[in-house]
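Single-structure report; data block below.
Order of writing sets the chain letters: A, B, C and D. Residues in each chain are counted from 1.
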Amino acid sequence: MDENKELLMRMLRLMMLIRAFDENVKVMVQSAELVGAAHCYIGEEAVAVGACAALRDDDYITGNHRSHGHPLAKGGDVRKAMAELLGKSTGFCKGKGGSMHLADFSIGILGESGIVASALPVAVGAALGTKMQGKDRVVVSFFGDGASNQGACHEAMNLAAIWKLPVIFLCENNQYAVTTSFNESVAVENISDRAVAYNMPGVLVDGQDAMAMYEATTQAVARARAGQGPTLLEARTYRYEEHSEGLGRILREPYRTEEEIDAWRQRDPIDIHTAMLIEQGIATQAEVDQVQSEVATAIEEALQFARESPYPAPEDLFGDMYADPIPMP
Amino acid sequence: MPEITFVEALNQAIKEEMRRDESVFIMGESIRGGIYGVTGGLSSEFGDRVIDTPLSENGFMGAAVGAAAVGMRPIVQSLSSFMWVAMDQLVSQAAKMRYMFGGQVNLPIVYRCGMNYGNNIAAHHTDRPYPMFMNMPGLKIAIPTGPADAKGLLKTAIRGNDPVMFFEDNNLSGVRAEVPEEEYTIPFGVADVKREGSDVTVVALAGMLRRALAVAEALEEEGISVEVVDPRTIVPLDKDTILKSVEKTGRLVVVDPAHKSCSVASEISAMVAQEGFWTLQAPIQRVASLDCHFPFSPALEKLVFPNEEKITDAIYAAVA
Amino acid sequence: MDENKELLMRMLRLMMLIRAFDENVKVMVQSAELVGAAHCYIGEEAVAVGACAALRDDDYITGNHRSHGHPLAKGGDVRKAMAELLGKSTGFCKGKGGSMHLADFSIGILGESGIVASALPVAVGAALGTKMQGKDRVVVSFFGDGASNQGACHEAMNLAAIWKLPVIFLCENNQYAVTTSFNESVAVENISDRAVAYNMPGVLVDGQDAMAMYEATTQAVARARAGQGPTLLEARTYRYEEHSEGLGRILREPYRTEEEIDAWRQRDPIDIHTAMLIEQGIATQAEVDQVQSEVATAIEEALQFARESPYPAPEDLFGDMYADPIPMP
Amino acid sequence: MPEITFVEALNQAIKEEMRRDESVFIMGESIRGGIYGVTGGLSSEFGDRVIDTPLSENGFMGAAVGAAAVGMRPIVQSLSSFMWVAMDQLVSQAAKMRYMFGGQVNLPIVYRCGMNYGNNIAAHHTDRPYPMFMNMPGLKIAIPTGPADAKGLLKTAIRGNDPVMFFEDNNLSGVRAEVPEEEYTIPFGVADVKREGSDVTVVALAGMLRRALAVAEALEEEGISVEVVDPRTIVPLDKDTILKSVEKTGRLVVVDPAHKSCSVASEISAMVAQEGFWTLQAPIQRVASLDCHFPFSPALEKLVFPNEEKITDAIYAAVA
């Protein structure tokens, strides 16, 4: 397989994997196998996959509460992700983090933050650190349209800009923060327009098109690696699911229409990528189906792995609190 | 008396006060849709007085101060874990402004802070920071333990003229209990003896009160008579009721879902060890959350915060 | 005196008053009559005076740590200001606030904040409140170039913009935050350029020219009163003094040159305003001198008033903590 | 041994550690110019490893976390009162990250938090928030009481692998004392008995330690023998040394410049009332700042925080 095809097929595979992972999450929440909160990424897969495809293994990412897709796109082990969701000791974080806190530092996944926009300053710091170390790694920080209104976002962007740090601020504008439309909470038309305030490029990207994401990110990465500083990418995208699984039941008033959701489903990122692969003669339908079935197997295996893994032991509770341990007060 | 849930009681309090006083309004994230239950149905009745905010807690919690300073009575809805983001406005403005400016301004604001724990939502969403706010003068702090208290205390908070941090233990959300139909308020600074007893005093906060009552019932059968005290507000704190109870029982257990170090359990213990020392017949027991973050895993989380077993053991230790 | 002359002479008087007030502050710090911190406004007087001249008595202002000038410009009683500085019971805040916390709510001075940028959300809230009350009052929030890098600034501007609130964000760009040049801490050329991110007008104004300040503010006020929302004004100005009185002694490295200071002194706001008055035949030198001597008298009186006023009594300590009092724990 | 000031001791610690380890760097507002003394002369030796930041505390205190996560060892300089603005990064990131991610990452960060009080700088600049941080697991907390401790504890903080909140009582800045010339560090979690005595134990924090020692000297003449204990770190807290001292003296006074409610004085009192109860012969006295903001006026401010008179009275009460 040539390099390009390999890349494109990996992108397809990762999008399908993330989709299947989150379809499973829905089921597990319904059956109460998965407890706590779960925010599905379904419909937004092209953003993480396109962006991470532009990264090296030793580059860094940070995420948010809706971060099943980000670590998988960066190459995180789906079995560890699934085990973490079930609170098992074999999970990314030994069960201590759960759905909103997947991280694998060994491959640059610096973790997700349940506090909205809270990972942005951390991403800036990772970029500062890596720059001070004389390395040419870059950091991609994923955050939502809602997060863009936090003060942390302003401070992070300004710091990255004045220090010319290798950060890509990747705003996943899925158009809502829970039930609040971004049009009501952001004063400008595009969040990328705010880049002007930091003297950095601001680019609006079609978040349903993995290749568009890949290309825009590749440019931003090149800029960052060359020491030219940060970029703000706004990926226009959409979540098909409710803000978090189960939330639909307690919503009193609708905030978006069925038509709107349907219209976005017509621009499904996996469909778009598949159609491109087939139209351009890069892959056959059979190859695509093959990927789909491999993904199904991978998810099955991950589920089995997670289910069969042990829970952490009570003795493990206080471990991990401190690197240099202290007695529990 | 009708039985209603904690959430319904809060909703009633807000509705009644918004009807009574036009200057009361409420803001928070996605509250018009009634996401977190309490605000359901408010926007249809009160229109623009129910405001959906952007994700800018420092901004809008500070805006509450400004609005209060010009005569409004804002209620702000959020979660305790999001208070960190807004800490500057809560501390530097809400808590300090009146004093710094020599009492020129009243700041009638209610910050409603939900608290999650015990529902596998991990460290970022499981804060119980009322002890920290108790260490910061200028804020009144109420922590209801059930529907009737929730309604009465919230009405007092809304009518009062000072900033109030109102901590709502989300473990109580669905709890149902009798709530008076007629209008009532509950004063701040008056603890409630929820159960009388003679062998040991248990002061319990937030959702822990129900557990303390359950333990008290169970121990009754073993012949241990437990008095259960609900401070209801921690600023002001009704020291007298606690001291009097300890005077009677000679033994004290404080149950607090906050982390143990510098907790309200610590404060009440210290207060009694200073002001009620001679009435004590045994060491003061604190039952609080461990000084450990809340892990996600269902296998571990339950080990962190107080439960009936830990409360029972502490009572045994106190009466030993 | 015609209305215009009256306004212009009042502006002259207020600038002279603020200058004289802070010249006195310098002396009082040196003699240790004034304790605590004191941040002089000398050189920046045109900003507060020009802006406040465009306000009604029932409009609001908020300030910062460098806020002797703001309350005086808004009409605050100089005797109460002086008494507050000396911690006397007759001060604005009965001595509880001091230099960084002058406020007089009865004339719309909602107070100064020692925490940088912390008053911005409060200003937005005052605007929200006044709007909900159906009034047409406006709020001017004074803040520094340094403050503009705080998250609070972003949140405040965005909230004011989406809610179309009557706020004027008045950035006093005196070019330094303590020793840090704004060029090193802001990524854009002008702070007013950031207005684009909030879809509001951003105007760069000559902060040494009281009339320019007056006119720019008048426009912003008109917009705000008409319900069209906030404006960001950037007043380019300069502080002649050190960041705070006495700081010079502990500074190890210079951060600005004598030439730079001198160049700015050539554009002194009082000189500029005076020259304009005389050149345009609005006032004579004698009239100007008369104002100067009235101001000197006012300051003398204020000093005497402050010195003769009593300190607050120990019993007053806990008062003012709560509107509905509680026992001290 | 040469005598140096508290500020010089801190400066030495930072310099020595920056020389020893290239990954150590320092950032803060206007620190290159050496505004607050401690960082004077660093930038000429260490160049880009001394960073002047914009006024964006939440941003750069969070950036410290990110930099630490990729292998750097940041020191951050600020004032306690500016921590409110950065609270989210301190709590949600610095304190929680390691645990939430199952111990995958070490966060060797030192947050240096100056504390002002008693110098007429009013409510916005007089915070002493270490009790609040003690209520938040995940942060280690050191509070030096003099130059030698400052140097040794800061070196330990910089070399350690956890986030440390390092509280510097600015009332100590100019205090001069002997500091060893040879290399040394002071371990966390080991209290120091600064003065031995037999009648009463005084545990004193921050700048209060000097006052407690002065009072102890004075009371010696009256025949009261005071033992003065310096916890040095409050997370971890050396409970044993405190409990042993109380076992000997039977009486405890805790002096803490933080506000009284939920203070470290409360925590230590509660701990002893629970674990050392049977050794106590008198009520535990807390001498802390009143639960009142710090007013500007010189006539009032001095009433708020502990002084030698209040400490003396508390000791009298304890030994009465």
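Quick notes on this structure:
Simple rule for what comes next: a contact is a pair of C-beta atoms (placed from the backbone, for glycine too) under 8 Å apart; a residue touches a chain by one contact, two chains touch by 3 or more.
Nothing here was measured: the structure is a model prediction, and the numbers come from that model.
Counting hops only between chains that touch, chain B reaches chain D in a minimum of 1. Contacts with chain A and chain B are shared by C, D. Centroid distances from chain B, each centroid being the mean of CA atoms, peak for C. Taking the mean of the C-alpha atoms as each chain's centre, chain A and chain C sit 45 Å apart. Computed from the mean C-alpha positions, the centre of chain C lies at a distance of 36 Å from the centre of chain D. Taking each chain's centre as the mean of its C-alpha atoms, chain B lies 40 Å from chain C. Across the assembly, chain B contributes residues 53-54, 56, 58-59, 81, 84-85, 88, 92, 99-100, 122-124, 137-138, 235, 237, 261, 291-293, 295 that each touch 2 or more other chains. For chain A, the set of residues that touch two or more other chains comprises 93, 95-97, 101, 113-115, 118, 149-152, 155, 158, 162, 184-186, 321, 329.
Taken as a contact graph, with one node per protein chain and an edge wherever two chains touch, the assembly is complete, since every chain touches every other chain. In the complex of the two chains, the chain B residues touching chain D come out as 81, 84-85, 87-88, 90-92, 95-96, 99-100, 122-124, 127, 129, 131-132, 134-138, 235, 237, 258-259, 261-267, 269-275, 277-278, 280, 282-286, 291-293, 295. Residues 25, 48-49, 53-54, 56, 58-72, 74, 88-89, 92-93, 97-108, 137-138, 140, 160-162, 188-189, 235-237, 239 of chain D are the ones that touch chain A when the two sit in their complex.
Partner chain C is touched in their complex by these residues of chain D: 29-30, 32-35, 37, 40-41, 43, 52-59, 81-82, 84-85, 119-125, 260-261, 290-293, 295-300, 303-304. Touching chain D in their complex are the following residues of chain A: 60, 62, 91-97, 101, 103-106, 110-111, 113-115, 118-130, 132-133, 139, 151-152, 155-156, 158-159, 162, 319-324, 326-327, 329. By the touch criterion stated above, chain C contacts chain D in their complex at residues 35-37, 84, 87-88, 93-101, 113-118, 146-147, 149-152, 177-180, 184-186, 247, 250-253, 255, 311-314, 316-318, 321, 328-329.
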